[in-house]
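The structures come next, written out as structure tokens.
Look at the two complexes coming up: chain A is in both, with chain B in one and chain C in the other.
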Partner chain A sequence: MTVQPAAPTLAEGVRVALIARLTAMGDDELLLGHRDSEWTGHGPLLEEDIALANLAQDEIGHAVLWYGLRQALDGSVPDDLAFRRDPEDFRSCLLVELPRGDWAFTMLRQFLFDCYEAEALPRLARSSYAPLAEAAAKALREELFHLRHAGLWVQRLGLGTEESRSRAVAALERLWPELGGLLTPLPGDLLLAAERALPDWDTLTAATVGRARQALAAASLDPGHDPEVPEASGREVASPHRVELLATMQSVARSDPEAVAW
Partner chain B sequence: MRWEVFKQDAPGKPHQAVGSVHGFDAEHALLNARHVFGRRPSAVSVWVVPADKVFSRTAEELAGFDDGSARAGGPAAEGGGQRLFHVFRKASHRRSMTFADHVLDVEAAGHDAALAGALARLEGEPAVAWWVVAADDVARSDPAEARSWFEPARDKTYKQQSAYGTVSPRRERAARP
Partner chain C sequence: MVTPVPGVAGGAPARDAAALAAAAWVALRGVKDPELPAVDVVELGIVRDVRAEGGAGPVEVTITPTFSACPALHVIEAEVRQAVATLGVEARVVTSLSPPWSSDDMSDAAREKLRAFGIAPPQRHGGLIEIALDAPVRCPRCGHPDTRLRNAFGSTLCREIRTCRACGETFERFKPL
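Up next, the complex of A and B:
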């Protein structure tokens, strides 16, 4: 994983809040990427196998971007953050941690996450914190294609066969409330928004939910009322799914702590 | 359903037949084409055409029928009226990675007439095979989305299969203990 140049000097409170936000963003991408990678060899079509491997690589690449920005702030090493950190110290949300489920579940999850990124990244690209703005602009390029891919599947699952539709409905029922967890602000986000390092989170939340609703409606899928955005994010709690995912993902690195390459 | 994929590597270069993908409709085939072919090497545009809508003739087929009967035919019964066709030519068997290149567009009443028109205009040019597709059977990537579809691939490393070389029978024998 790459080393980033030194960060601009920041007030201590801003620095700490930024580290927390970057950690949550990196952890979300890393775990989603890992869940996508679980389809390798199991895709419904050869081409979708390749597509999911591409998506996984892209999401993990974005995690490297966010961890790299954190490294510039506190010197933490991205490989250590990914492979040698305990589940309690991760700050991912439940939406990305849930097991991959069936194809409809994977596509609906990817779609909801992509809706969030399609709204978040253009706003982050205008961040007053220049390294974050640059990284967001880079990630946005790939994200628009992700949304095309996931959106295509959501529409065909929703309007396809009776079975595809019932699977899409079941997946949405489980995933929609978890969108609230993804969108919950962290305690330091208000300070970051005041510094214009982060966008206004309420506006971002409304835009994400609105975008998702519109595309779901075109697939004749109705998620019901808006997801509840809880007071506290719940990211401090290590869910059993997070524990299970990390046990697999970190097993090689942890089997030989002295190793410098695998 | 199988779709033939045509990829353009850079502006000004011809679209080339690079292989095929599965897809349940044109948009799905187009996205799959980008996933499978968009990064080795990078692209600026992809087209997909249903495989059964490609009219193809080899040089042998054309030579075997002096009366031109091998030229007759097309993917479907075609109504009257002129349509636009894209004509692709595979120029040689020299290398395994020699593709059929988009060489010209022809207005004609059908696939076979489009090929006849192309042959008349490209008299004497080397060719081992011809492909003809109707322009309105082609689904194309949107130039407005090209940045998102193709630019990220430029930063990603890859190897062509030719980088690994081939094992000849002689080498295989020599390696035997």
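Up next, the complex of A and C:
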């Protein structure tokens, strides 16, 4: 028997808002990890194939962390959340759902997500909700390796050949606006920020965009104006990309609903 | 050889909670990380606490993952339970993330075993991980410090791949975390 520490007692509104935030965080990590894993066996070099497989494993592991925190709040089982939930019940953002594209697209996306995590995790590690603070402190240590790796690729692509640069520019053009979707607060986030369970979202947004801009500038890449952060989160909408990704990812689990392991 | 204790059914030795916990620590020395068979979980620093509620158990073992996505953790949990069960008591395993595991938690003995196994051990960093990451790494085969990074990621989440310029050996290094 493995015992998970019980969740602290919370006001109902806070509990519901936390479940929604943890679901979005877990879904982002899971889908990004899955998109990264699509390169396994197809990487441009053996070393990069292995590196990206490691990154994918880390992201999926972090999804398990966030789903595990949700489990302590509502009893939902992480495997069910990942493999037996319908696309319209996922709360991932478009940034992580988009098809993997070329290598530049995959690396630029990973880099933007890593910039967000590099700013979000240290702040979440100071959350008033202790289980979230502890998990964020754990994930933060591992994310250091991601940002170093993706950041180096952004430089290689931006400062490399004419082709690498044009691919990086095209990828950034498509991805940069979606950073706004990643950074859009959920309806319950304001309450959580007031409780100091979440950081101030405007500060986090500015820090993430600033960090990304600085690293992009070092690679001679200019994303243009700041991404627009929409009023309402687009996470409730199941994009065709999310539907396609989950159809593949869940196909084995759904082929035998009675199976407990595969 | 167990000496029968008068008045105890079955002749089981009378022991208090502290003695049971101490016996559990010894039993845990037999549990290896399946991805690092050279070292046991105690010297790796992932056993955080062992508590016995009484001389007859149960025993609660608190462990912490090295990397949160470490696939070996489930195997380690099962083996920890088995090791404690050999003492004839019920075992419970609790996973704790706080404080996060650091490679500084690894004992000197474990570092030496890693080196002998062919894996360069992580430098002690005292929290300055980025400095330790970029510091020179000695080849575990010839001891030369002139080695170069081949890949920041390797066969498991905790390792990177390096090559020694002196002897030509390609080896893995346990990353400072």
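The working rule: the second predicted complex is superposed on the first by the 258 of 262 C-alpha atoms of A that agree within 3 Å, B and C clash if a C-alpha of one lies under 4 Å from a C-alpha of the other, contacts with A are read in each partner's own complex, and residues count from 1 in each chain.
Here, contacts are C-beta pairs under 8 Å (C-beta built on N, C-alpha and C of every residue); 3 or more make two chains touch, one makes a residue touch a chain.
If you're wondering where the values come from, they're calculated on a predicted model, not measured in any experiment.
Aligning the shared chain A places chain B and chain C in steric conflict. By the document's definition of touching, neither partner reaches A:123: not chain B, not chain C.
When both complexes are overlaid on chain A, the residue A:156 reaches chain B alone and has no touch with chain C. By the touch criterion defined above, A:137 lies against chain C but remains apart from chain B after alignment on the C-alpha atoms of chain A. In the superposed model, A:65 makes contact with chain C only, not with chain B.
More chain A residues lie in contact with C than with the other chain of the pair chain B and chain C.
Using the contact criterion defined above for the overlaid structures, shared-chain residue A:51 touches chain B and also reaches chain C.
Of the residues of chain A, those at positions 47, 50-51, 54, 58, 141-142, 144-145, 148-149 touch chain B in one of the two structures and chain C in the other.
Residues 1-5, 47, 50-51, 53-55, 57-58, 60-62, 64-65, 133-135, 137-139, 141-142, 144-145, 148-149 of chain A are the ones that touch chain C when the two sit in their complex.
Contact residues of chain A toward chain B in the complex are 45-48, 50-51, 54, 58, 141-145, 148-149, 152, 156. Listed in rising order, the residues of chain C touching chain A in the complex are 60, 65, 67-71, 77, 92-100, 102, 129-130, 150-155, 157, 161, 175, 177. Those residues of chain B whose C-beta lies close enough to touch chain A in the complex are 21-24, 27-28, 31-32, 34-36, 145, 147-149, 151-152.
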